[in-house]
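What follows is a group of structures, each given as structure tokens.
In the two complexes that follow, chain A is the common piece, with chain B as its partner first and chain C second.
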Partner chain A sequence: MSKLLGSLKEAIEKTGLKDGMTISFHHHMRNGDYVLNMVLAQAAEMGIKNLTVNASSIFDIHEPIIGHIESGVVTGLECNYMGGKVGKAISRGILEKPVIFRSHGGRAGDMENGSSKIDIAFIAAPCADNMGNCSGKYGPSACGSLGYAFSDAMHADKVVVLTDNLVPYPLKDTSIAEGYIDYVVEVEQIGDPTKIVSGTTKITRDPVGLRIAGLAAQVVKNSGYLKDGFSFQTGAGGASLAVAKYVEEMMEKDHIKGSFCMGGITGYLVDMANKGYFETILDVQCFDLKAIESIRENPKHQEISAMRYASPAAKSAAVDSLDVVILGATQVDTDFNVNVHTDSNGYIMGGSGGHCDTAAGAKLAIVVAPLIRARLPLIVDQVLCKSTPGSTVDVIVTQRGIAVNPAQKELREKLEKAGLPVKDIKELKKIAEEIAGVPKAVERGDRVVAKVLYRDGTLLDTIKNTI
Partner chain B sequence: MKILKNAVAGTLESSDLFIQIEPDDKELILEIDSVVANQYMDSIRAAVLDTLKEFEVSTGKVFIKDKGALDCVIRARMETALKRGGVEQP
Partner chain C sequence: MRRTMLFLPGNTPNMLINGDTLGADTIIFDLEDAVSPDEKDAARILVRNALRYQSYPGCETVVRINPTDTAFWKEDLRAVIPLKPDVIMPTKVNGGAMIREVSACMAEVERAAGIEEGTVKILPLIETAMGVEKAFEIATADARVIGLFLGGEDFTADLHCKRTKEGNEIFYARTRLVCAARACGIEAYDTPFTDVEDMEGLEKDTEFAKSLGFAGKAVISPRHVDIVNAVFSPTEAEIAYAHDVMDAIEEGKRQGKGVISLRGKMIDAPIVKRASQVLEMEKAIYGGAQYE
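Let's turn to the complex of A and B:
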């Protein structure tokens, strides 16, 4: 018995893909992914219509999906993140059925509890054997962790592995095991390696970004969580990484040994772990080449699934043990709700990813963002989309001051006592408006183009069409 | 006062604006393209017209690509463009 088939077309036929089904994809190939486009083009050629695409993320490289929506091949879309190109088309209303946005943890949880049903999952595998054992760690398209693909493999009715690096059975270091895999297809390339990860992720040199990062690090220090056993998650953005740098300096100075760092992993976090600041790295997705090399070679560096990362349906998830998370925002409102789904004009250009999962799980959720970006104030009366509920956000750090959620009285006292520039969130809003002027409210249509589900599957907000 | 020659000021960087001005004897033509048009078009237009008035310029062509510049930046870039275009401060 071999699961190896001669072509993607044959695999699609064997899986029994037909009109109206839901197919799924994971996004570790990021903006270099060829697999989603390849599968949709093949399905379109075979005359299949009315598909729902559930992809952990949609990037700009997936722009051809717009054509498939227009031709009726794709009539439903579910994802945790959507880049600006497809986001713009969706915002203008090309898809009749609202897009379903979930979080990384919510997507895994909804597959686990059965509320999100996947008929056929397609897994882009940087290496695989003929029985479907696969991993992201090896091969010309190596992406490191395959974290988000685990739920798809475990819960879809049929699972197809696509690889451009077929190795003899058995693959010596397997992430997703053969028991979940129905078919294997060898293709020329699953992605463009130059776009899968960035070569290196760099710390910002922007003085505003550094000021924000410095203040955020002071918040971490004075919160009381920066002690032995400290666990930490931060993004790959320049300012988030700068927070890691300042936190590292504090850990060095006070001889603090942390327990784990998590998330999308960058070379910077790998270096921190290697220097002994963290016992282990929990990696659901690699952001750069150094992280990929590390997950392949460093026993301290573990691959984790989206379930283990953040699923609310699991008996526990790593986010529940997280001390501090550093998050971004396009908008924050005076109730501390955060928008990471749309820009200030209401166009979709992002998504929760793990934002609301980590905010809910972490003991201290810090949002870092400039008070004004291209004239637009960060803080508004009401966010255009509620991506993360304000009740789970503890601190907003801007270059002009720090706002603490009123529910966190003790924390506010600690930060004030440390001499940090703590201000009321409404005061921060006023400072920005005095500099930039009060922005006119953006008008939007009355059609719902996307529904944002919270990590537990409940409706958090809707996104209306742009006009 | 009149704009005597073509001139530019500013950049296309975020939070800045790029201004091109040209002479015109008869009318004032003002074209503004802004990334924050929805939120701030009225105040951008007001800042530009204000600066023109300050320099007593009533005719000419002004083309603006705004990347989210603050009011003070718009006025400073306008002033520079006008001076480069041969307009003297009254």
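Let's turn to the complex of A and C:
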């Protein structure tokens, strides 16, 4: 028996894909992914219509999906993150049905509890054998962790593995095992691994970004969490990574040994673990080639699924054991709600990813952002989209001051005592407006183009069309 | 207190808006070397607008103008003096006459703008052999002069020698400037350390400058600010000692003592002066202004 089929077309036929079904994709190839476009092109050629695409993330490389929406091949879209190119089209209203946004944990949880049904999952696998055992660690298109694909493999009715690196059975060091896989298809290339690096995995050199990072590291230090056993997550943005650098300096100075670092993993976190600052790396997604090499070679570097990372449906998830997370924001409002879905003009250009999952789970959720970005104040009366509820956000760090959630009185006192520039969030808003002026309200239409679901599946907010 | 004086290119809006958040005691808006000739007017307008619309709480503002042998320096002064920056930094200063020329032009603009004459101070940048030799003359040329500032790069070019990290080639200029400044009761400020990546070298160079008597140091990278600030800040022990000195003075006064001693050592006027300087710095640094 072999599950290996001759072509993608044959696989689509065998799965019984038909009009109205939901197909799913993972995004570990990030902006280098060829598989989503490949499958949709094939489905379109076969005359299939009315598909719902559930992709853990949509990147700019997936721009051809706009054409498939216009031609009726795709009529539904669900994701945790959406890049600016497709986001702009969605914001203008090309899709009749609202996009469903989830978080990374929420997507896995909704598949687990059955509220998000996947008919056919397509898994881009940098290596696989003919029975579907697959991994992201080996091969010319290696992407490292396959963390987000686990729930698709486990919960979809049919699962197709696409690989450009077919190896003899059995694949050593399998991530997703054959028991979940229906078919395997060999293709020329599943993606361009050089585009996994998003360009935001280098420590910022911007002095303002560094200043913000320095203050955020001071918040971490004075919060009391920076001690032996410390666990830490930081995004791939340049300023977030700079926080890691300053935290590392503090750990070195005070001889602190952390327990784990987590998240999208960059070479910087790999280096920190290798220097002994963290015992373990929990990796749901690799952000650069160094992380990919490390997950292959280093036993301390563990691949984890989205369920283990952040699912609210699981009995526990790693985010629940996290001490500190550093997060970004495009907007923050005076109730500490954070927008990471739209830009300041209301166009979709992002998504929660693990933002609301880690904010909810971590003991200390710190948002770092410049107080003014492209002439617009960061802090507003009401965010254009509530991506992460303010009740889960503890501290906002800007170059002109630190705002502490009023619910965290003790933390505020600690930071004030340490001489940090703690300010009321309304005061920060005023400072920004004194410099940049009060921005005109963004006009938006009355059509809902996206629904933002919180990690527990409840509706958090909607995004209206731009005009 | 000018532990750190951070140079910011006058044609970078992001730096002009955020200059006061980078931790430096003083920010120097540069219209000279950091700005190419075809951008001089743009930088001048940007710096003028930054001074007009932006406030820099807890941060002194200096504008480095173009040399007096260029066509730009008077325009620079006319643009910025009405906005009352704290200090003007004339460049390639080689004698007292140049200071008086700049001061006279400043006075003219101040009068026209309805500002009290002498409001804006002068911090001369000394970066030629002639300037170093005439340091005392420069320091005493005008009441606006608040200090002397050494520019090591141009100075070594003028000496026809290589600028090194060890800095033997500028040792004479450093000590000469400190001595001339102290002789006139003003401060001396050291040249920047130019290797942006070498933090160890920066610390060493800064400690050496402090040991020679400099009151602060210019920096060309915001990443250098924290280290230079730390070197020029009083240590915890120095602060504690300064408090003890002041307490002993108070106690002595109460008891009507003429001669006051602390830990077996007589407290004389220089010790009291030094202690009050330390306490002033403590207030400036830790009185909430540290991160402002």
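We take it that the second predicted complex is superposed on the first by the 464 of 467 C-alpha atoms of A that agree within 3 Å, B and C clash if a C-alpha of one lies under 4 Å from a C-alpha of the other, contacts with A are read in each partner's own complex, and residues count from 1 in each chain.
The rule is short, and it goes like this: contacts are C-beta pairs under 8 Å (C-beta built on N, C-alpha and C of every residue); 3 or more make two chains touch, one makes a residue touch a chain.
Note that the structure is a prediction, hence the values are computed from the model and not measured.
**Q** Have a look at where A:R211 lands relative to chain B and chain C in the superposition and call it first, second, both or neither.
**A** In the superposed model, A:R211 contacts chain C only, not chain B.
**Q** Applying the touch criterion given at the start, work out whether A:G419 contacts chain B, chain C, both or neither, answering first, second, both or neither.
**A** second
**Q** Applying the touch criterion given at the start, work out whether A:P439 contacts chain B, chain C, both or neither, answering first, second, both or neither.
**A** Only chain B; A:P439 stays clear of chain C.
**Q** Using the touch definition from the top, say if A:S344 reaches chain B (first), chain C (second), both or neither.
**A** first
**Q** A:Q399 in the overlay: touching chain B, chain C, both, or neither? Say first, second, both or neither.
**A** second
**Q** So which bits of chain A does chain B touch that chain C touches too?
**A** In chain A, residues 435 are touched by chain B and also by chain C.
**Q** Write out the stretch or stretches of chain C touching chain A in their complex.
**A** 14-15, 17-18, 21-23, 53-54, 221-223, 226, 286, 288, 290-292
**Q** Would you mind writing out the residues of chain A in touch with chain C in their complex?
**A** Of all residues in chain A, those touching chain C are 206-208, 210-211, 214-215, 372, 399-400, 419-421, 435.
**Q** Please give the residue numbers of chain B that touch chain A in the complex, ascending.
**A** Residue list for chain B touching chain A: 14-15, 35-36, 38-40, 42-43, 67-71.
**Q** For the complex, which residues does chain A have touching chain B?
**A** Spelled out, the residues of chain A in touch with chain B are 344-345, 373-376, 435-437, 439-440, 442-443.
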